[in-house]
Amino acid sequence: MTRRLMEGSEAIAEAAIAAGCRFFAGYPMTPFTELLESFAKKLPGVGGVCVNAESELESIGMAWGALATGARAATGSTGQGIALMQESLSEITRAELPLVLFHMARGQSDYYQATRGGGHGDYRHLVFAPIDLEEATRLVQHAFDLADRWRNPVQIYGDYLLAHTAEAVEIEALRFDPLPPKDWAVDGSLGGTGRARNINPIGMEKGRKGIEPEPFWKRLQAKHDAMERELPRFEAEQTQDAELVVVAFGTLARFARHVVRALRREGRRVGYFRPVTLWPFPSDALRNAVRGAARVAVLEMNAGQMIDDVRLAVLGAAPVVPIGGISHDHSGFGVGPALEPASIVARIADVYGGREAA
Amino acid sequence: MTRRLMEGSEAIAEAAIAAGCRFFAGYPMTPFTELLESFAKKLPGVGGVCVNAESELESIGMAWGALATGARAATGSTGQGIALMQESLSEITRAELPLVLFHMARGQSDYYQATRGGGHGDYRHLVFAPIDLEEATRLVQHAFDLADRWRNPVQIYGDYLLAHTAEAVEIEALRFDPLPPKDWAVDGSLGGTGRARNINPIGMEKGRKGIEPEPFWKRLQAKHDAMERELPRFEAEQTQDAELVVVAFGTLARFARHVVRALRREGRRVGYFRPVTLWPFPSDALRNAVRGAARVAVLEMNAGQMIDDVRLAVLGAAPVVPIGGISHDHSGFGVGPALEPASIVARIADVYGGREAA
Amino acid sequence: MTRRLMEGSEAIAEAAIAAGCRFFAGYPMTPFTELLESFAKKLPGVGGVCVNAESELESIGMAWGALATGARAATGSTGQGIALMQESLSEITRAELPLVLFHMARGQSDYYQATRGGGHGDYRHLVFAPIDLEEATRLVQHAFDLADRWRNPVQIYGDYLLAHTAEAVEIEALRFDPLPPKDWAVDGSLGGTGRARNINPIGMEKGRKGIEPEPFWKRLQAKHDAMERELPRFEAEQTQDAELVVVAFGTLARFARHVVRALRREGRRVGYFRPVTLWPFPSDALRNAVRGAARVAVLEMNAGQMIDDVRLAVLGAAPVVPIGGISHDHSGFGVGPALEPASIVARIADVYGGREAA
Amino acid sequence: MTRRLMEGSEAIAEAAIAAGCRFFAGYPMTPFTELLESFAKKLPGVGGVCVNAESELESIGMAWGALATGARAATGSTGQGIALMQESLSEITRAELPLVLFHMARGQSDYYQATRGGGHGDYRHLVFAPIDLEEATRLVQHAFDLADRWRNPVQIYGDYLLAHTAEAVEIEALRFDPLPPKDWAVDGSLGGTGRARNINPIGMEKGRKGIEPEPFWKRLQAKHDAMERELPRFEAEQTQDAELVVVAFGTLARFARHVVRALRREGRRVGYFRPVTLWPFPSDALRNAVRGAARVAVLEMNAGQMIDDVRLAVLGAAPVVPIGGISHDHSGFGVGPALEPASIVARIADVYGGREAA
């Protein structure tokens, strides 16, 4: 396949289909709408199905049903719609179904929603926050693989910039290790001798009567603990001798990386760190990366959410200073002037020079 | 009024009504059901209205409407139902409406939901977690006062034990400073000269066209920053010279306090700290409380959620060790054997003796 | 009570409350909205409850629940909303609950909906179509009495003119024969010895397991047969020697009656007949009224619906000719020019003179 | 194609697909469930889509959307679910969209629902009631053709017997006259010069602002008048010299036809008449068929609904006597003992001998 100019939404849908996604349901909401439209155009051609549901509650319900049959299925929305899905997201995690959830966010203020959720009980989602379209088309494929491998939902936290910017991309179908058969999927049989494990993967509470809650929850916690150990990913540059390390995620990290590189060229000892997985947060890697730093600066476009995870990683070893904040362009969804490169340089200079207290 | 034996749900409803609550809507779900029933019995007698809605989505929608008229109104549920309300909770915060939300939780694993939410965007709720019924009947009244004073939702995070245990209580109507008039409430007028400020308090996005998003969100953030400074509450005992401080919240803190008092009587230098507000978390108070301690032990009945806030407060000054975990009684809602006093004593002893690593 | 100038919606709500209605739920839709608003204003003052539900599906669900407790309860809408209620209307009839349904129609084209329904199975509603506000305030009270007496829904088929015209009315509380106790109502008890008949009046299928369907349906049919014999009401004038009888219903009948009186003054042998109950249709009375007539003219503001019932009554004894049709004023809800008195006179003259074939 | 043993639901789905149906949405309810399952199995294989929606409200909404794009689309349910669809059915008729609605009824007591509807306003559906599977597979294809030709919904009124009985059938794809292009369908364009007629076929009220209601409704009425003239279908046997004509519809007519044939063999002068279209009812044909008859007997499995249409056709020319009624087998859906052939013979004999009054 050759490189082709595509809008982000289109490329992401193609990557999902390349990964075997055959069912998608969603309800339009900017900036998610174009992703739904892309699936609607592309899925029928591969024998798949895309449904424009009547609300986000219905769309996640439909994806849930498709997943229970063993299909690779996904849904998505923007923050508001994902808020509506919280009960289902929690139950689907408990049912151990491999949902892939596309979150095309309005900015970065849904970090808590993505990493702590708003569903009930203890549950966790693997969350990927791609920096650009090229990374996104690979992470989307990993998302489907890891969702199946861990039997756990995976969220792609994208945004307006990722969904609506056209880039020249080449979608390369990745190869993954074989997966165990989905012997838990419903197939219409009622569980005879040859189908002993055909339990109902609809949910712990509804479908697995007779299961004791405490051992079940402990097993789920153990799985999430293992995910926390094995799945963190990050990108780092020039942290070795950095006096100041800038931490950013998602497409905004592109601005941060650009600024750090420019400052390095000027001889400033700054480094750059980006969590690729928002959960599990790469805490150990960050702790190492900031080992000699005098300060850690957190760039995020919200009132301060990821900074919790940065502080939890650094644990007082260096002051952690916010250099982002609320700043929006005219659409209300994109990056505002206060977070553009020139402003970021100025903020970093302030922190670097110690003019701003932690 | 004299002391009377009442089940928690009944006492909480009475306290809410004493505070002027005149509208309640909910959908039954254990252990919230009895609270709904208590409001249904008591509200008509004071000229109020209680509606058994068709789902939690409807119940919060009705409370939203009632609030917009200036009434003191509330809704509630348990974790699952509150998960369904996340989009509305986020919008109501943005509409600056004084919702009181009764969360009768199944255990303590909805701490993230209560403190970080699952709605979209940056928003915060004041969260009270009462230790017993006596405190609950006072905090409920403060909730209505503070919701109005800050024009922000307040959550009461209760549980099975709080809702279903009968205690002898006397509900004393508290007196609060006068509040400004609710000149923002809809009253059917269309905003003539005498009613210039009658904006539509339904929501930022829908009702306040023409408002620039960025300044609005910054104002909201400034309000939440002020709440974070002014509203933290806590209870602490014997932390002055403590080598080990036990942190716990809600009704489970009763077990922790009991154990700490018993260990003190045996000469062990242990202290007790309880956040009364889960958000804002009383970080400064906790930091002071653990100033000389060698260890901080966190007792919570979940896979580890509040421990984030404890670590964010302590910031590496002392090791923070979990001594709780998932443990349930037969109902699946109450405290299990692993968190009963004898077990807690054993766990504290382990940490105290340094046998367990942080 | 003295005569007072009131809009129709207000007077109707007052009549319902005078009849003991204490619960009302609805969803706004013109021209029903003002009736909902009137109940919302008046019910709290008598200890009643009015709920603005989230759709007509919810509003009838709430009324259903209120009825099951033995309360006098009502809901309503206009044609579109009543279309949404059809499944519930059918089930409520089968549950034998005394619903009063206020239909503030947009014109007269919902006659089939009112008399044949769109629910499933064999079921019937008593339908009153008042000619004016004075009659409406009496029929509303009869509706509550007859709904209880027959344990069957009763519909008030009103319209824009009835709801929105202000007239000077005096609402006189009517007195009715005592009713049997509602020993079928749910009261929270589980049906011990003293409460043997406390079956669950939620519905035949859901609540009365063990009941054989066929005998149940036959008993329901027998009840509807009895209603058909006992409940027809009509108004007739000058039919004795009429060569032409004009049949009309609801507020449009006022125009017909006015024209017939005027034509009589001119010596034309015309008569007037109005079904007060659309179901049961007063077929015997109409058959008698047209006994010597050469022609029957049907005035209705729709494509021809009541004319079925007129033909079923007359059964070929005289030609039945439509003189109404689709005609609307600017609102789309009120009577259009083609049905105003002058036009009606012309149409009657045509039929009278035999210029129009049956 | 050769004759193959198939259950009715399967054969009906195949006929629909042979007619070009490519979208189906439904919600399970006996005896409709198997039809939904058949579409779910067969549609993906022809590039079509079948959605198990979250309720009948959603399923008709989805079919509505599919129809608006010009696709051949259908939905269905049993009486209860169709009751829920009444508002949409009325609006879809007004939007002039070619919906095919599969009604797998529980018995025959939804005749009013099918022929008079429960939606709002004046609207009509063509209704086919097949006597057996062979006829059904042809009428289903006519349904799609006529829906497009008249731009009006068509209902197939089937039942338990039709849906669940297996017969050997051969589905022959019928050929129809060419249809005009669907230039009214939405295609994403905004109506430039080349697309002048791309109006929004979502509904009169919502999508065609600026259209005057009265002319629109009159045009719709004229269309329904034309359908009433052109579309009636019926089946009749031995009515020429019949003293008694038995009228029946749907699968129950098979019993009637069987009995009439047997009685003829015994020399009794009985005839048989079946409306194939319930609306428009074949009134002229029936009037002719009973011209010399002394009595007309109506066999229907309900409390008396079609008898209205029979009386409206006969208009007093002969007594019309019900010989059916409520009678169910154990399932509650099938024909009960009182309507089996032996009972029908006895009832006919009664009427024939004049023992039963009209």
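Just so it is clear, A, B, C and D label the chains in written order, and each chain counts residues from 1 on its own.
The criterion applied here is as follows: a contact is a pair of C-beta atoms (placed from the backbone, for glycine too) under 8 Å apart; a residue touches a chain by one contact, two chains touch by 3 or more.
Just so we're clear, the structure is a prediction, and the values are computed from it rather than from any experiment.
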| item | value |
| --- | --- |
| Chain whose mean Cα position lies farthest from chain A | C |
| Geometric centre distance via CA averages, chain D-chain A, whole Å | 51 |
| Gap in Å, rounded to a whole number, between the CA centres of chain C and chain A | 58 |
| Interchain centroid distance [CA atoms averaged], chain C/chain D, Å | 29 |
| Shared interface positions of chain A, touching two or more other chains | none |
| Topology of the chain contact graph, where touching chains are joined (line, ring, star, complete, other) | ring |
| Inter-chain touch pairs (all) | A-B, A-D, B-C, C-D |
| Contact footprint of chain A on chain B as seen in their complex | 78-84, 86-87, 90, 106-107, 109-110, 112-113, 116-122, 213-214, 217-218, 221, 224, 302-303, 305, 308, 311-312, 315-317, 326-328, 332, 336 |
| Of chain C, residues touching chain B in the complex | 44, 47, 49, 51-54, 58, 61-62, 65 |
